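Before anything else, here is the set of structures, which you'll find just below.
One chain, chain A, links the two complexes that follow: it is found with chain B in the first and with chain C in the second.
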Partner chain A sequence: MRNYLIRRSLELIPVLFAIAFVSFWLVSKMGDPFAVLVLNPHVRPEDIQRLRHIWHWDDPLVVRFWYWLKDFVWPRQGWGLSTLAPGQTALQLISRRIPVTIAFSSTSLIAAIILSIPLGVYSALRQYSVADYILTFFAFFGMSMPTFWFGIMLIYLFAVKLHWFPAAGYHRAFFIIKGVPVMFDKAPRWMQFLDEAWHLTLPITVLTVFQVGGWLRYMRSSMLEVKSMDYVRTARAKGLPERTVIYKHAFRNAVIPIITLIGLSFPGLIGGAMITETVFAIDGIGRLTYNAVMSQDVFVAMALIMIFSILVVIGNFLADIFYAVADPRIRYS
Partner chain B sequence: MEKEVLLEVKDLRTYFYTEDGVVRAVDGVSFTIHKGEVLGLVGESGCGKSVTSLSIMRLVDAPGKIVGGQIIFKGEDLLKKSEEEMRKIRGSEIAMIFQEPMTALNPVYTIGDQIMEAILTHQDVNEEEAKKQTIKLLDLVGIPDPKKRFNEYPHEMSGGMRQRAMIAMAISCNPDLLISDEATTALDVTIQAQILELMKDLQRKIGMAILFITHDLALVAEMTDSVAVTYTGKIVEYSDVRSIFKNPHHPYTYGLLESIPSLLSEKTKEPLPAIEGMVPSPYRMPKGCHFNPRCPFATDICRKEMPELKEVEPNHLVRCFHPVNVKEEVS
Partner chain C sequence: MANEDYVEGGIETSESYSYWRKVFQRLKKHKIAMVSLWFLVVLILMAVFAGPLSFGNNPYSYIKSVPWAPRPELAPPGPGHPLGLDNMGRDAWSRLLYGGRVSLAVGFICSFIGAAVGLFFGLISGYFGGITDMLIMRFTDFMLSLPVLPLMVVLSSVIKGSLWTIIFVISIFSWMGVARLVRGEVLSLKEQEFTEAARAIGETPGRIMWIHLLPNSMAPVIVAATLAISGNIIYEATLSFLGLGIRQPTPSWGNMLNGAQTFMLTAPWLMWWPGIAILVTTLAFNFLGDGLRDALDPRLYR
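So, the complex of A and B:
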């Protein structure tokens, strides 16, 4: 097991390197980040040339990639164009924005796992029952609903009409405690947490509903497939109680493909977060990406792409480990 | 001396209600197994052998349903038992070995765990004792190094070893009846011989009865005391094994026996005779005797009426209007 982990971790390095190079190449095709400066009457053409030189924009792609890689590993100040405040590094900016994204996307990931697996099993065990049809309906609803539209609908219903949840943002600016306004950062931890949870309920719902639909269907079909396997019949022929047959013999086999599926869903989670953050005006990493790309800030965009790639690769890595734990056939190979 | 009756299947009917119509997989099958006896159930694929065995275990999955008959085991009708009572019989009094040792064991649990499970379900023993018993069983079925094998997963074992493990699981609670559903079909011929030897050996030691399901008549001769030949869900010939091999009366049995290659026959250079045609589609059964389209002796009555199972010799039942008489024909 230890060797397996070490080998798998080492394999990540070339993968990340390849991702970095390909995305660097793609991002550099995005356009000239210095082109906007031409419109600025205060910037002289010589200055633009100088900036191009400082950022190695006049070097060949491979050389530029090398400087970029160096800067990514050892960040330098002002590394970025328009999205950064003076004296800020891209990673500083990202690290300030990333917690909220991780908070709500990991919550929705966990919620989706907790909901979809039992519901999928339930659906499979009562195939073609009324409950199965209702779950199937909601699963397809969740899968086919565009997240931005569903988000807007939730805002309309629960924020605009019912006033149950806020429409935007991820925390309030200040609390009123005993008639005195207190800034958010100065408020007690539990108040901060509750306020954030309240703000993030709708975005988490959007992301969760989207994931649950697909996983529920997968879990259902996987369970149905496993239910008719020979070893399930063997378990019954042994005289085991039906509960043991289903939850010990069928379930563990049925859940193996779902682990892979969940591992593969990490990029979708971040992509989904990007849209959800835009709809709910949450200053997370998704919205930052959107802004960086829109303002042609290739440096911040590249840093974000790398962060996403690392998250995705780590997600798959974790899925592989869980997979090895669940399935003895791949344990030590 | 009459032996004690262990299992008596009477007019069993198991139908499958599919979208394309009703399939009468088992259609009025009756047979008797005495204590310690080995009964062979023989027939081509799709003749309802497996469904018969699953019916005895009451493990027929939807859309299949047992619609009629009685399965009297130790004097009690299994079809009248509750699911909970049935569960206690499965694995302890009636055990089953399946055709595919590759898929019949759960890939994510060790074989020791899977065998132990049966013991823990039916016997009042603790885990340590169950483990000891399991290792003893693995040894009994001829698995070398049982202590190590206990912790191995099915994929780490060969087909023959897995089938041995299945047998160990089946005999773990000393069943009175073992159903072997094509248990050796998926194995190499040499392994097949070993497994059969093992089953015979265990049968003698434990004294259990075996319902031996196969399509291979050669195995029947070796293993069984009596034989029931099935065709399209019905028994067409039923007798003790000697009588069937010496004097098959049903043209189908005759055809099956003819198609066994023999080293001693003078006809070795000739192509092996085969029964013409195929088992009819379950949705389009021929009128009259179901075998008539393939039967060389079929006459008008065969195409109109289904013959009854009749005793043509003492204890030798045949479902045919024109039973073949080999003794006369050959001489």
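So, the complex of A and C:
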């Protein structure tokens, strides 16, 4: 097992390297990160030349890539200057925006797991019942719904018509406490938390529904498959109570592929978060990616694509490892 | 030689004919899948006959004035314009029809390309094994460990352009599933007697793959390709919604929603229909794919 872990983690390095190169090449096709500086009257042409030289932008692609990668791994120059937010480095910009995305996408990931696994099991145990049909329909609905449109519809219904939830953003600028305006950062923690929860309810709903559908179907079919296995029949024949048979013998085996699936669903989660953030105007790294691409902020886009790739690769890695740990039939040497 | 081919071909078609008839009979019992199938047929016909169905309007022209609204831009539904006019004063109903043409075409073509490329890589990888297999599967794994949507956004901003650009961008990321599926099928098929027999009478690898392995691994590919259509339609809609897919003035269901959020308060009807169109279409393809899976899966065959 230990050898497998080591081998598998060593395999990650060339994959990440390849991803880094491809995405660097692709993003640098977007435009010249220093071209915008020409428009700024406060920046002298010599300074632009100097910056270009520091980033080796006057060298061939491979050299340029090498220096960029070095800075990405060990950020001495902060992953490059952002043109979207002048005066900030990509690292500053991203690190300020990353917590929101992590908070809201991990909440919806957990919500999706908590919802889809029990509902999938329930659906399988009562196959062809009314509840099963309703859940199946709901699952297909979730799988087929275009995320961005679902977001827009929720905004229309719950924000514009009913005024239950805010339409955009992830917190208010200030609170009014006893008639005195208090900036968000200065307000008590619990008020901050409640306000953020209130703002993020709709986005989390959108992202959760997007994930639940597929997993619910998968859990259902996995459970159905396991239910008809010989060892489940044996467990029943031994006279074990139905609860034990279902939860100890069937469920444990049925849930293994789902957990792997969750590890593999990171690309979808990232894409979903990107759309949700864009629709709900949440200043996380998903919306930042979109804005960076639209305004040709090359360094920010590169760093973000790299971060997303690392997340996806880690997700795949964890899925593999988990599968190896959970399923004793799989022996790796 | 020609005669031999004829006999061989004749047997195969009659066999596959009865197989597909059985599949269709099983599919017919799947009510939701059949409803979806008929719905999709109607939808495709509507897209094909978009011209005659749009009441003499066309999706590109600016309508100078309508009697029931002070300005033609964002005018509500009325006679001759069942879905109103969009922010540029164009008929929304005819844009919906023509947009369906674009969205369905992107869905079908990307899915077809994805299936074809996936079949190609899967067949080669599974049949030859060894270093070829390792290289192709490493490449597939590599493609699977990319953040798809951010890269699609970057790609479509780099190669701005036409319908074919967007088809290219989506197709790049839609073949990996099929490749893995086909490889798995081929790995088990190539150990079976009929492949061995074909090899024994000296058929070339290309011919074995084309005549024997391809038809036999088709079933899961059809299911995957049907399900992929809905995914591709959503990708196209998402990119167009973000302003990176199909560009104005060409309508697509996605780019009709591009400005919808801005007009949410003044013209909410504009954002309903394209979204509903996307939803019911993807829903239908998903149901059809699910029905096909049940119909094609020999393990469920009773």
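Quick note on the criterion: the second predicted complex is superposed on the first by the 276 of 333 C-alpha atoms of A that agree within 3 Å, B and C clash if a C-alpha of one lies under 4 Å from a C-alpha of the other, contacts with A are read in each partner's own complex, and residues count from 1 in each chain.
One rule holds for everything that comes next: contacts are C-beta pairs under 8 Å (C-beta built on N, C-alpha and C of every residue); 3 or more make two chains touch, one makes a residue touch a chain.
Here the structure is a predicted model, which means the values were calculated and not measured.
Superimposing the complexes on chain A yields a three-chain arrangement in which chain B and chain C fit side by side. Once chain A of one complex is fitted onto chain A of the other, the partner contacts of A:154 are absent, as it touches neither chain B nor chain C.
When the two structures are aligned on the shared chain, A:279 is found in touch with chain C, with no touch to chain B.
Contacts of A:300 after superposition: neither chain B nor chain C is touched.
In the superposed three-chain arrangement, the CA centre of chain A forms the vertex of an angle with the CA centres of chain B and chain C, and that angle is 70 degrees when rounded to a multiple of 10. Shared-chain residue A:240: touches chain B; no touch with chain C. In the superposition on chain A, A:259 contacts neither chain B nor chain C. Judged by the number of chain A residues each one touches, C leads among chain B and chain C.
Note on the superposed arrangement: chain B and chain C approach each other to a least C-alpha distance of 8 Å. Residues common to the contacts of chain A with chain B and with chain C across the two structures: none.
Across the complex, chain A is touched by residues 141-142, 144-151, 153-155, 157-158, 230, 234, 237-238, 241-244, 257, 260-261, 264-265, 268, 271, 274-275, 278-279, 282-283, 285-287, 290 of chain C. Taken together, the chain A residues at the contact with chain B in this complex read 228-231, 233-241, 244, 249, 252-253, 256, 326-329. Interface of chain B with chain A (complex): residues 57, 59, 61, 87-92, 95-96, 98, 100, 103-110, 117-118, 121-122, 153, 155, 166, 169.
If you check the complex, the residues on chain A that touch chain C are 15, 18-19, 23, 26-27, 29-30, 140-141, 143-149, 152-153, 155-156, 160, 264, 266-268, 270-271, 274-275, 278-279, 289-290, 293-294, 296, 301, 304-305, 308-309, 311-313, 316.
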